[in-house]
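Look at the two complexes coming up: subunit A is in both, with subunit B in one and subunit C in the other.
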Partner chain A sequence: MNESRMPAIGIPRAMLYYRYGALWEQFLQALGVSFQLSPPSSRGILETGTRLAPDESCLSLKMFMGHVDTLVGRCERILIPRYSNYGYTELFCTRYEGLYDQARNIFRSSGQRFITCNIDAQNGSPEAKAFELFGVELGFSARQSRRAWQEASKALKQKQKAEEQSQKELAAKPGMKVLIAGHSYILSDPYLGMPILDCLVSSGAVTLRADALESETARKACAKFSPTCRWIVSEEIVGGVLHWKEKADGIILVSAFPCGPDSMTNELLIRRLKGMPILPLVLDTQSGMAGVETRIESFLDIIRFQRGDMV
Partner chain B sequence: MKQHRKVALPRWGEYNCALKYIVEQGFEARCILPPPLSRRTEDLGARNSPDLVCTPFKTTLGSMIEALEAGADTILMVPGACRLNYFGELQEQILRDMGFTFEFINLSLYNTGNAKDLLKALRVVNPRRSMVKTARALYEAAKMIEHLDDITTLYYENCGFDPTKTYPKVYRQFIADMYEARNLNEIHEAFRVASRAFEDITLNKPSDPIRIGIIGDYYTVMDPFSNLELEQKLADMGVEVHRLMNLANDMLRGGGKNKQAKIRDFAEYSLGASSTADIWQAQNFAERGFDGIIQVKSAGCMPETDIMPILANLSRDYKIPVLYLTYDSQSSDVGLMTRLEAFYDMVEMRKKVNS
Partner chain C sequence: MSKLNAFLGIDVGSISTKAVILDEGNAILAQEYIWTEGNPIGAVKKLLGLLEKQFDPESWQIVGVGATGSARRLVGSIVGATVVKNEITAHAVGTTTFHPDVRTILEIGGQDSKIILVENGIAVDYAMNTLCAAGTGAFLSSQARRLGIEVEEMGQYALRSTHPTMIAARCTVFAESDLVHKIQMGHPREDIIAGVCRAVASNYINNVGKGKKICSPVVFQGGVSKNVGVVRAFEDLLGCPVIVDDNGHLMGATGAAILARRSLKRTQFDFSVENMEFVTRERNCGGCSNNCEVICVYRNGRLIDFWGNRCERGAARTDETPHP
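Up next, the complex of A and B:
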């Protein structure tokens, strides 16, 4: 294929794509940059990623590297934004911080070019500045880039608001409700989290998601509950659990093996939310759905029993 | 009048001597030293911790339990740049759920990037004492840490070549002196005595000994119990063991300027916590012609896992062998010895072939 016909940017459909992807896509669209997503997750992608990533890294990172692999040689540059922090006490998991450099090292011999958008307020590059520099690197003026970023962040906010709104309607429905909490890149991943959500729906439970909530609301709730939790994405999940839990009959905490932040925040949730049925589910590369289904079914039975549906 | 607080910090290498100094000379409080880390500490910690958390969380939790058993009424917990910053809050919850009554001073709460907040924390520990005295104790404890790290560095570089076998005795005495020191003079004096004693021992070292550099995560690499005395084991095989990662280098002396720029070929940005320092140190060892590098990390340590592909590239570029060691609460001596012996044999053979 002629190089000029390749899309300028490739975006791995994994990790923070599920949280901030709308922002990146809008930004690129506003500037008129062509981009391509990697295909939806599959067993094959995970297997490739597992081979490429260090053995001890988390399931999500393995999936991510698999996605990067599908883009190698198929776009001019692969975009891996580096989410480090919004400030001294507003951090991201170190894994997102290292993704860009880690991928560059794993795929070093392929000759593939990478590009990042470095969000690191502690080192003078807050989000606005980061996207400005990113736009400039793509060949646009600082002004164009700023405007594109403003548009894109508005779009992301609206997306979140819409999700929150539609969940509000869902929460008003009658019937057994289960709150499912986890990183959006696990829950929304068609190979990892979606089968669980499908399983819940087909068992007749109304499924609420902790991540369907505006970020500010969630993080405020989390700050009260756990003041030293400083990973933004984890704050959103914990805050989401606190916000929606009143509407739910039980909570499922889904995490990837061995997720660092989850290993601690989930433990804290289990210890501090007394009297609420909670099922922690940890997914790993060997996950077959049968085991997960059994656990979900028996968990739902417990909830039904508690609600008095099953006397 | 209120009794003096009995303050404890979980064990971490021999750095507890510095805390003891700060607490007893700077604050009006007593310092409780938790018992040295043991299998029991690890078991206690692992049993009460979430499964997937990193090993230092479990070890420090175990040490907190032992500190409370030893009579401490206040636990102090440090902040950090990784999950460590969140250790305190969860550990406090776990200890309370276990039924302990105590005061918990979580420095993470005061770690807001604003120095005033850290001063507030000092007032919490120490409401009555003058800030000048506290500041002096902090300064003197920093000196203590520098001396401790310098002597430790000398010790592991040389103890493998000491025909008289008196190095360990000198080192143990020095550590004991650090725990006993009550003023700056005593700290300096102990340092002078130990340095002189080391100088007086004639080493039986070849002109080009096998040199191995150690890097790794903050807790595990600096705590001999947690890394199963890796450095001593290597030294006993006749290796000059180098470790740049210590508190003095990393926190007090800036740990090498412009590290990120120097490792630009491998990493443009920090990968979090100790990653930049580690990559820089590995590159430094490689450039100085070391024979091997060992990466020490606790199971579940994220930044250390993330730099593994970088270390692999560094190993290729500089043609230097790297051994990756992961420690969990079940690590046993035997497995480690096998791997170390194999690594040593390989490194020794390469040296012979290359020279």
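Up next, the complex of A and C:
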């Protein structure tokens, strides 16, 4: 294949893509850089990822490596932003911090080139600076890059606001409502989380998502609840749960095995939110949906019993 | 004279298959309990044969069929169930019908364990073990085999012990190595068996029952409730009496029958199912890289149901045959 025909950038459709992808895409678009996404998740991608990733790592990281694999040889450089922190108290899970280096190491013999965008405010590279350097590395001026980042972060904020708005409309609908909380990259993943959402919808539940909330609002809500919640994404999830819970009849906490941050926040939510049915669901590489379906079905029955609309 | 309505409930678990036939007033007309033996279809056919002998078709007609248990989908499509319900709901409905004042239902089966909390006769919360089968009937069976006794005898052994051995109960694999160590150290067999029973109860309270307020009256059911050693251990740990219903093993099936009665769907159930030939076939769709495992069920060579496909591409065609 002629190398010049390949897109300049490949983006793995996994992990933080589901939370910050709009930012990355808009940034590249503003600069006129061609990019391509990896295909939607599937069992095949997860199987490849499981073979490639360290076996003790979380399901999402395995899925991520599978996505990287589909891009190898199909783009000039694979973009893996390194999200470390926004400051001394605003941290990201170490998984995201290590993704770029881990992927480069796993695919070291493939000849594939990688590029990162290093968001590490503690070491002099806050988000604005990180994207500026990223743009420069792509061959643009610092000024062009800064402008592209400004446009992109506006786009991300708008996207989150729009999601919040459409959920507000959903929450006003009548009927049984279930709030589903978890990392966006689990809930929105067509192989991992979507079957759960589909199962809820086909059972007649209105599904609200904790991550459909603008980041700042969510983190403020979380700070009141637990001032020591460690990771930014956990704060967003906890804050989202607190924000939406009044509208819901029950909460489902979805996490992938073994997620360290979730093991803390889910326990926190279960202990603190008394008087509300909560179902923790842990996903792993099992391909059968039977265990998950049984749990969701009976959870909805419990809610129906409480609402008094059980036959 | 027109026949009276009856309702069949079938509960197919990993280890045992249960069924009841109830009348409109929840009185049991027929009941049966057999081993699944890894063959849910065969078990159900055998079960229906046994039920038919207890059933009087002159005065009763089965108009509703409920299926529950881990094989509910499969069995539901074979018997033409009017209601297919998960085992938690079925157990909650069955138990609250016979014990209206119950507050906590403990259930330990062959592969899974659950806790259901009830307030004013309504299930308000539940929890289930994670996908790991630690501390369930399967664990007791394998430990009984290791100790060279029948699993049914374990309870009696346990009751003779005055000093149950401490067994680490966090995980079946750890529990097993701890148990072997204690055997080799010379702990008496009764104490070890009592320790295993205790381990099952404390493991349950610390995992499935974690953070749940267990209020009396407590009803304990599922296959493991037949083990008096575990019942005793629960009473000690919870500090309250634990009720084991003689029909505790039938609660899931009873709940399924009651749900069939409450639902408005009606059928004319026919015992001839037991003479039909059912075949299941698993095929990998191959339409995309999800490669879904689609299960197809055939009655006398004709497709009657399928599941497991994530999208339309995996849908089975009615002209597919069981033997490709």
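Convention: the second predicted complex is superposed on the first by the 309 of 311 C-alpha atoms of A that agree within 3 Å, B and C clash if a C-alpha of one lies under 4 Å from a C-alpha of the other, contacts with A are read in each partner's own complex, and residues count from 1 in each chain.
Simple rule for what comes next: a residue touches a chain if its C-beta (ideal position, glycine included) is under 8 Å from a C-beta of that chain, and two chains touch if they have at least 3 such contacts.
None of the values given here were measured: they were computed from a predicted structure.
Participant: Since both structures carry subunit A, what do subunit B and subunit C do when superposed there: clash or fit?
Facilitator: fit
Participant: Where does A:Gly98 make contact in the superposed view: on subunit B (first), on subunit C (second), on both, or on neither?
Facilitator: After superposing on A, A:Gly98 lies in contact with subunit B but is clear of subunit C.
Participant: Check whether subunit B or subunit C contacts more residues of subunit A in the superposed model.
Facilitator: B
Participant: A:Val282 contacts which: subunit B (first), subunit C (second), both, neither?
Facilitator: both
Participant: Between subunit B and subunit C, whom does A:Pro7 touch in the aligned arrangement: first, second, both, or neither?
Facilitator: neither
Participant: Could you look at A:Ser226 and tell me whether it touches subunit B, subunit C, both or neither (first, second, both, neither)?
Facilitator: Touch status of A:Ser226: first partner only.
Participant: Just checking: does A:Arg271 make contact with subunit B only, subunit C only, both, or neither of them? Give me first, second, both or neither.
Facilitator: A:Arg271 sits against subunit B and subunit C alike.
Participant: Let me test your reading of the model: by the given contact rule, A:Ser298 touches which partner, first (subunit B), second (subunit C), both or neither?
Facilitator: second
Participant: For A:Cys259, is the partner it touches subunit B (first), subunit C (second), both, or none of the two (neither)?
Facilitator: Once the two structures are laid over each other on A, A:Cys259 reaches subunit B alone.
Participant: Looking at A:Ser42, would you say it contacts subunit B, subunit C, both, or neither? Reply first, second, both or neither.
Facilitator: Second partner only, subunit C.
Participant: Is A:Pro54 contacted by the first partner subunit B, the second partner subunit C, both or neither?
Facilitator: After superposition on chain A, A:Pro54 lies in contact with subunit B alone.
Participant: Once both structures are overlaid on their shared chain, how near does any Cα of subunit B get to a Cα of subunit C? Whole angstrom is fine.
Facilitator: In this superposition, no C-alpha atom of subunit B lies closer than 6 Å to one of subunit C.
Participant: Shared contact residues on subunit A, subunit B side and subunit C side combined as an intersection?
Facilitator: 271, 282
Participant: Would you tell me which residues of subunit A are touching subunit B in their complex?
Facilitator: 54, 56-58, 82, 84, 87-89, 93-95, 97-98, 100-102, 104-106, 108, 116, 118, 120, 226-230, 257-264, 266-268, 271-272, 282
Participant: Considering only the defined contacts, which subunit A positions touch subunit C in the complex?
Facilitator: 42-45, 191, 195, 270-271, 277, 282, 284, 286-288, 290-291, 294-295, 297-299, 301-302, 305-306, 311
Participant: For a test of understanding, state which residues of subunit C touch subunit A in their complex under the given definition.
Facilitator: 70, 85-89, 92, 122-126, 128, 130-131, 211, 259, 262-263, 288-293, 310
Participant: Could you please specify the touching residues of subunit B with respect to subunit A in the complex?
Facilitator: 50-54, 57, 82-83, 85-86, 88-90, 93-94, 97, 106, 108-109, 112-113, 266-273, 275, 299-300, 302-303, 305-310, 312-313, 326
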